[in-house]
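The structure that follows is given in the form of structure tokens.
Chain IDs A, B and C follow the sequence of writing; residue 1 opens each chain.
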Amino acid sequence: MLHDVFTPSVQHVLDIAGIFVFAISGALLAVRKNFDVFGIAVLAEVTALGGGLFRDLVIGAVPPAAFTDLGYFLTPLVAALLVFFLHPQVERTQFAVNVFDAAGLGLFCVAGTTKAYDYGLGLTASATLGLATAVGGGVLRDIVANEVPSLVRWDRDLYAVPAIVGASIVALCLRYDALNGYTTGLAIVTAFVLRLLAMRYHWRAPRAWNRRSAAAEDAA
Amino acid sequence: MLHDVFTPSVQHVLDIAGIFVFAISGALLAVRKNFDVFGIAVLAEVTALGGGLFRDLVIGAVPPAAFTDLGYFLTPLVAALLVFFLHPQVERTQFAVNVFDAAGLGLFCVAGTTKAYDYGLGLTASATLGLATAVGGGVLRDIVANEVPSLVRWDRDLYAVPAIVGASIVALCLRYDALNGYTTGLAIVTAFVLRLLAMRYHWRAPRAWNRRSAAAEDAA
Amino acid sequence: MLHDVFTPSVQHVLDIAGIFVFAISGALLAVRKNFDVFGIAVLAEVTALGGGLFRDLVIGAVPPAAFTDLGYFLTPLVAALLVFFLHPQVERTQFAVNVFDAAGLGLFCVAGTTKAYDYGLGLTASATLGLATAVGGGVLRDIVANEVPSLVRWDRDLYAVPAIVGASIVALCLRYDALNGYTTGLAIVTAFVLRLLAMRYHWRAPRAWNRRSAAAEDAA
């Protein structure tokens, strides 16, 4: 679908850009966790490719794109090297990294939904896999780094909601046969802007009602 | 096989019931870990569908049932919402939740073994996948929540053994061509009752012989 | 490819040996973490079969070898029982275990690369999957045990590099059509010896340049 919308090379450049910024976020966490250079590379690869790899295994697209497109595999290594040598400078550009990460989130939730639908999944399943494509790499990153996934922590700005909205827009467009370059771009931009707003205004998701004890606060 | 034994709708109702109670256990852990509402939903989905997803990927049943049956996907969300709004009440019914979880364990180990065998795997591999279907979701739940899996902890009541027994009964019946409604029911009930007894009498599995130091006790 | 090189039975014996020593390392960690007997068995299976399982899912070789070859499944259980009853004696032979683990590393990186190439993947992807086959089980072991993976920790002797070198030798030989019994053996032995040297001389990989604070040292 997207292939009708964007030319393959535009699509590919956007994919690589998304992979690159996700890899940067993985490599930065690896440096913060004091991993060695291989740990940095592993975490960059896992963060950048994990979500798409999960989607491809589920829809039966084997071997997954992560293993058939050399650019997908090499991009995280470039990001890892960059962070390895220049991480204080990269951390100083944390704002830019966050903006790119938001762009990656928007792109991946849309691309993931479209690819799953192309492989014959239903609309709800496709949107779910779009969400999984966008956030899966970050969850795997945190699991490998032995941390509670940032995605599920209450004290982090909204991350899932922008991806859910983007994936849902695509699913609705597919349902009403209205997916084209404009609506695809709209879905990407909506998710991107929502994530930027969530970071700017520190939007957070609620925790369970009626939590009985404040002790849980510390245990989290 | 099971499809010959139970009518599809009975089978489906049992599946949904098992998914629901597993999802409740995931959602409750998420509340205890102080996750936000998305964390609760993620942990409910992972716990309820993780074991079957792993089984389906291994046997090549793609896309997995978790992504083709809308009921499988929506049920954990209902469980997550219920826990989100009513978790003190749900926790007060912990005993009921445990009983249903035991029922889910019995059902999933039997259904998992049968499905793997239907896909051409050997008896031992089928029983192993039955076990993985029953306990896999819980292991994934604990990994995402950044805890040592309850399954492998020595200070938890037996959980694997009932599932192993249930899966083995099914495998033996398949071996001797004796799988029917009665033997299937027997396998489910046996696993269910064994798990209830393990909880009632706090049956535990032994740790390694000749552990040299009690210091390990604290480190666990 | 390897099947042309070694007779199937030699290949199978080497596979089982590699699985056995990886399982020992998983079982020993389970004992150290104070898991019960099922935890020991689970960690032995995950460590021994996890890397190959990941490779087989990625290349679409389903059901994976871990579920079709009974020997692959039973070997880790034997290792788990051995460690369960005799772990002080097994720990006393830690040096021997390490040597065997190095042999497993060499064998698995070569076998993984060859199998991925046989399934039509490119040279870089094949070498990457060879690396993943060799180190994947250990990463999964540490994730299930809720530890930071040994692979990415800066204070552990080089583990990835020997596997990368072994897999790269195989990929180069495949590229220049020079894979035969001698070059396969050379790749295995090179990875094996490099890992032994890394342990003997405590070779370590560098961490990121310009780390600003020594505080990270403690947080690791």
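By definition in this document, a contact is a pair of C-beta atoms (placed from the backbone, for glycine too) under 8 Å apart; a residue touches a chain by one contact, two chains touch by 3 or more.
The structure presented is a predicted model; accordingly, all values stated were derived computationally and were not measured.
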Chain A onto chain B, rotation angle from CA fit, given as a multiple of 5 degrees: 120
Copies chain B and chain C touch via same or different residues, half shared test: different
Chain B and chain C: spacing of chain centres that average the CA atoms, whole Å: 29
Two or more partner chains touched - positions in chain C: 57, 143, 146
Chain B residues touching chain A - in the complex, by the definition given at the top: 30-40, 42-43, 53, 57, 62-64, 67-68, 70, 73, 83-85, 87-88, 143-146
Touching residues (chain side chain B, partner chain C) in the complex: 57-60, 119-122, 124-125, 128-129, 139, 143, 146-149, 151-154, 160-161, 204-212, 216-217, 219-220
